[in-house]
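In structure tokens below, several structures.
You will see two complexes here that share chain A, one where it goes with chain B and one where it goes with chain C.
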Partner chain A sequence: MLKYIVKRLLTSIPVLLIITMVIFGVVKSMPGDEVSAYLGPGTRATAVIRQQARVKYGLDKPLPEQYVRWLGRTLTGNLGTSTTLRKPVGEVIGSYVWNTFILNAAALIIALIFAIPIGIRQAVKKGSFEDNFWTVFSLLGISVPTFFFGLVLIFFVGLRIDWMPISGMRDTMLANFGYSSIWQEIGDILLHMILPTTVLAFGTFATFSRYVRNSMVEVINQDYIRTARAKGLKEKTVIYRHAFKNALIPLVTLLGMYIPSLFSGATILETVFVWPGIGKVLIDGINQRDSALVCACLVFSAILMILGNLLSDVCYSLVDPRVKVDG
Partner chain B sequence: METLKKDNGIHPSAPEEKIESVGPWMIAWRKFRANRIAVAGLVIFVLIAIAVVLVPMLMGIKVTDYDLNAVNQPPSAAHWLGTDKQGRDCLYRLFLGGRISIMVGIIAAILTVVLGCTIGGIAGYYGGFIDNFLMRFSEIVYSLPFTPMIIAVASVMLWVPQNLKMYTVAFLIGALSWPGLARLVRGQILTLREQEFMQACEALGFSDFSKIFRHLMPNVFSLVIVNATLQMASAVLTEAGLSYLGMGVMPPTPSWGNLMNLARDSEVFKNYPWQWLPAGLMCLLTVVSINLVGEGLRDAFDPKEIQ
Partner chain C sequence: MKSKKLAGALAALLAATSMAGCSGSGEGDAGTAAVIYGGSNYVRIVDEELNNALIAGKKTTDMDASIESYKKAFVKESELAPYLPIYGNHLFNIFKKGVNVTTGPVCNWSQALADASIDGGDTLVVGMTQELAGLFSPLYAISSYDQYVVNMVYQSLLAYDANSELYGQAAVEVPEAAEDGKSVTFKLREGLKFSDGSDLTAEDVKFTFTLAADPEYIGGRLDGTFDFIEGWDDYQEGEAEEVSGIVVDDDHTITFKLAEPDIDAVTAIGSLGILSSEQFPYSKGAMGEYKDNNSATLGSNAYKVHNYDKSSGASLVKNENYAGEGEFSIPKVVIKTVAASTELASLQNGDVNYYPELIEPGIIAPATKDDKLAYDYYFRAAEGYVGFNCADGPTADPAVRQALSYATDRQGFVDAFYDMSKAAEDAQNVGLGYVPTAFWSPVAVGMGDATTGTSEIEGAVKYDFDIEKAKQVLEEAGWVEGSDGIREKDGQKLTIKFLASEGNAVLDMLIPMIMDSWGQIGVDLQQSTVDFNTLIDTVGIDSVDTTSWSCFFMATSFTGLSNTSMNDLLGYTEFNLSE
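This part shows the complex of A and B:
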């Protein structure tokens, strides 16, 4: 198994390398003048200063050379400086990624609290009205554009309830004048999390409840469940002790491969709620042609994607011994 | 349900009854028809599709029509969904936008299917180096973070003329979505090519092209059609997101995404909800109906699922 993981990680390296080329190429061909981005908005720099800046940031070199330099710097941990936030990119990602994480993690926990019992009930009462109701409900969850759901929540709830913040992560007044205690800060952030978490949790709930339902249905049809029932065990015991335990295994693997995605931002949703996460930073970076930041964010998400794919393959083979990995 | 029972042909009491032979397509269709939720989805989708084609035609106004004396009007008898800030009829633009959004979904799905089947089919059939190369290639595309990448590339393609934007969006979605299907098709082809009918094809001297696309592909058709349907739903969603950010279909061409983009103006968002809310609801309804059809098809084609 270890051999397989190491091998997969090694083969990921060329894939990642090509992805960095694609990302670098895309970011470099974004419209707008990069030198202006470095010199700051509304710059009135003369042609001479522009040329100096161009040389200073290595923008006068051919693209392949720029790429190699950028890659070399990136590998040594220097991700460059964000031109819009005037901070090292590594620092920016390091701080914003946690904002994304708390939002996604909260949504995941809430989604699971509802998805597991509802998924089980659906499987037990397969084909009933209740089952169909939740099936359609969870289909809504994967079909609704997240940003539209967010807009609807802001429109019907946020604008009508005074204390419900509709954007950002902290209250501006409180954040500027300092919180009186850590609890006030946590409370403030939690308040701001209500709406975006609701939106995210709905989508996550949909994914997981469908998964729980399907894997429970599969287990309930197995012979050993019939045996358990034939032994005269109580239906509750059969469902929760015999069936659910086994249905739990694929669920845990799904959770396993879900972990990397907790760190990648829901781009559009974060924009709607002005949540300072990775996705919002990426969009802002694209709009303001902050190439170092955009490159880093994209590479970061690509690494998360690759990790997620690797985890899912590993998890499948761990759960199902029939899936053989060739080491 | 009754028809299915009859078709099993197990009627010891009535041996003279004619036994109808049922092909896999017919079985799938009957299973689909028996699935009431899926049929509801199909009906809703067909109604929406007809509406987006007919409603703008029947309203008898032109795309360029505007009325600066009636801007931001709330819904009324003359304008059922009110007017926008240039005095254009919102109902008209809603259905016109639906055409664009659904077209993007269809084009993206077709492109995904063409690329996925071609690449997966060739990789699976030839194996060896070609397979290795193509699968590596698809792994690279598969590992690109979808939404961020599409947004980044869309921002590069700002130079595309406004009227061609919808095709760019569809093309981008298709170009990044095929690897999943390619993998599925390849896997199926790998097992299918070992079967006897392929030896027959070999003996008859068919060309590789004919073997892959005329003899192998029809066997994976059920998989492809389910995938294409679900792909179409997700393409409609992606278009909406992209256009909402202002990087997809550009005004004055309406699409459900860029109608919702109007909500980014806080005054429109708060005071003129009829300009953006219906677009989101229509988009939701469309995606739900397509997904219902897709899931119905998946169950219908699944041999394990017995109704």
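This part shows the complex of A and C:
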């Protein structure tokens, strides 16, 4: 197993290298001058000033050279300076990505808590009214745009309830003038998470419950389930101990692929709820041609994607004894 | 609307500029003079009479003479029509009843806190839909939101009150320029202190200007604003060790010597926030943290920054060392980022209690009907305009520009775009959007009224919507309708290439309108859409591309009461007679 993991990691390196080249190439070829965006449009910056700024940020060198320097710096952990935020990119990503993560992680956990039992129940009661109801519910969850649902929640729930915050991650006064304790801070953040997490969880639930349902349906139709029932096992044992464990397999694969998206922002949601996440920061960076920031974010995503893939393959082999990985 | 805000950021960068600030060059008249397009003269207009009138208006300290010259420039510009102003606005402040802040066109909420108060509350929570950039330095604040913080933290020598009257803030009073217009002396108030307790003296004033003259500052927002000060160029580009034209007479007296008279000298000098010379180390050419650490503020005004975070905003508390005038009875101010979709909701549920400078009818109209909210308004010193390419293509012909101006139903656009039919009755008559008569600041001294249409300047051309007149102008200039309905002259077709920026709600409504009305006068309108940065690069003065576009749209700000902000030497060309 260890050998397998190491082998996979080693083969990802050339893949990652190619990805960085593509990312760098694409970001750099965006029309519009990064320096102009940095100096501010139409500023009195003359051609001389722009050139000076270009030199300062190493933007005057030929692309391949810029790439190599960027790669070298990135490997040593120096992600460069954001031209729009004027802070080290590492600092920017570090401070915003956790905000996105807690939102996505909370939504995922809540979604799973509901999706698994409901998906199983749907499969067991396949074709019934209950099954159809949850199917429609899930379709709604997938089709309703987060933007729309978010606004609906804000206007019909948030505004009706006095103590329910409708935007931001923290209470304005407490955030600026100090919390009395860490518990108050945690409580405040959790309170602010209620609405955005609900919106996210709705969509995530929809995806996972359908997956669980379909996976379970397939498993329940298998011969060995019939055998288990014939053996006289309690239905509960049949479903949860035998069927579900097997249905878990594709679910685990899906989860593995889901990991990267925990760290990338639901940008529209972050905008509607003014949640200080990485999604919005990335979009702003793209619009303002902040190449250091955008490249770092994209590479980060790429790495997570590769690791997520690896994780799901490893989990797959752990969960399914029939699957043996090479080496 | 994002483009407006971006354009607003652009606008905030365009300050009054100088003769010396030129760059880039283009083709000139054969053999006579080189045409130099300065700064932001995207329209590339060249006219000696206009230029001279602008120069005469600027290079004097006699306000009456200045206004006379500017009137001539106003008239000439209306004949040449390089710009077609589409709309101007009134800005609305919407706030919870009980918040008392008296504002004016050049005195926004952040400058009006001396007499402000909140009934039964101690925090002014100001909402905005854009994030603060954290550039809280008088030298580097680009966005108007960062400017709010600068206004609260820093004092300048002079300031404007809600009636647009200039008064002495750090200075005792508004000084008069000397008889010959070549110097002006400011007397500082005694006892002024920065928030760390240190004294504010004339040295700090000189120091702030020295920073603005530093070679490292070239290209900064205010670069070129103070070129009229004697010795400025020697310091910035030469070997001088100080700006010789700024003389510290004693701790509380400072004299600025002017290389030549300038109508904006007193107000320009008076508007710069004063930095402390002791905050960071400095030597010529090494601005250090004065340049790189703009979130660290140290000012002498009534508030200081308590906390700042890019995504959530900034909070300010009273500066306990404040030694100036004014009561400042609001102890805390918070500036908070709010989502555009929940703007009104945030105000109604108390998350926020003040919304400054709004122009969206969708938010203003319902707010004016809410009896728990109140509002006030004033002219916005900005306009949305179409700029014509005066150097190349069919728009190089003034007749074409005039005809296009006559053929644009601007009032129709303003009525539709700034539709206030759903607002309370008294708000409907305010004129959230109006049609300016000229591309000039609507609040400019002596000229603003003519721009807003309150008064008239004799001889200025008025471009009311008149299709027949537009056709007549084109016919008389020799643009004849071809067989395909498109006019042509000397083999050139009247093809207008409109360079549009994407995601601009104004253009989404304007372009279909002009496609129809310009089409009626025989124009072939072709539109290309690019993102804002690309637009700037294409029309910017460094660009050599003058053939792929005939006109573009932009919204830009003027520097308040000054007549020279857009309509000055950097907005137009200068003839280089020395070839």
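Simple rule for what comes next: the second predicted complex is superposed on the first by the 262 of 327 C-alpha atoms of A that agree within 3 Å, B and C clash if a C-alpha of one lies under 4 Å from a C-alpha of the other, contacts with A are read in each partner's own complex, and residues count from 1 in each chain.
Here, a residue touches a chain if its C-beta (ideal position, glycine included) is under 8 Å from a C-beta of that chain, and two chains touch if they have at least 3 such contacts.
The model shown is predicted, which means the values in this text are computed figures rather than measured ones.
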| message | With both complexes overlaid on chain A, does A:Phe155 touch chain B (first), chain C (second), both or neither? | response | both
| With the two structures laid over each other on chain A, which partner does A:Gly77 touch: chain B (first), chain C (second), both, or neither? | neither
| In the superposed arrangement, which partner chain does A:Pro145 touch: chain B (first), chain C (second), both, or neither? | first
| Which of chain B and chain C A:Asn132 touches, first, second, both or neither | first
| request: Name the contact category of A:Gly232: first (chain B only), second (chain C only), both, or neither. | output: neither
| task | May I ask you to decide whether A:Phe177 touches chain B, chain C, both, or neither, giving the answer as first, second, both or neither? | result | second
| query | Thinking of the overlay built on chain A, is A:Gly168 touched by chain B (first), by chain C (second), by both, or by neither? | reply | second
| So, does A:Tyr96 touch the first partner chain B, the second partner chain C, both, or neither? | second
| Taking the superposition as given, does A:Phe273 touch the first partner, chain B, the second, chain C, both, or neither? | second
| remark: Going through chain A, the residues touched by chain B and also by chain C turn out to be 31, 151, 154-155, 159, 271, 287
| Which bits of chain B are touching chain A when the two form their complex? | 37, 136, 139-140, 142-145, 147-149, 151-153, 155-156, 158-159, 233, 237, 240-241, 244-245, 260, 263, 269-270, 273, 276-277, 280, 283-284, 287-288, 291-292, 295
| query | In the complex of these two chains, what residues of chain A are touching chain B? | reply | 14-16, 18-19, 22-23, 26-27, 29-31, 132, 135-136, 139-140, 142-148, 151-152, 154-155, 159, 264, 267-268, 271, 279, 282-283, 286-287, 294, 297-298, 301-302, 304-306, 309
| said: Residue numbers of chain A touching chain C in their complex, please. | reply: 31-33, 36-37, 39-50, 53, 85-86, 96, 151, 154-155, 158-159, 165-170, 172-173, 175-177, 271-274, 276, 287-289
| For chain C, which residues count as touching chain A in their complex? | 6, 9-10, 13-14, 17, 21, 23-24, 39-40, 123, 125, 134, 142, 218-221, 223-224, 292, 294, 306-307, 309-313, 315, 332, 334, 336-339, 341-342, 345-346, 348-349, 351, 530-534, 536-537, 540, 542, 570
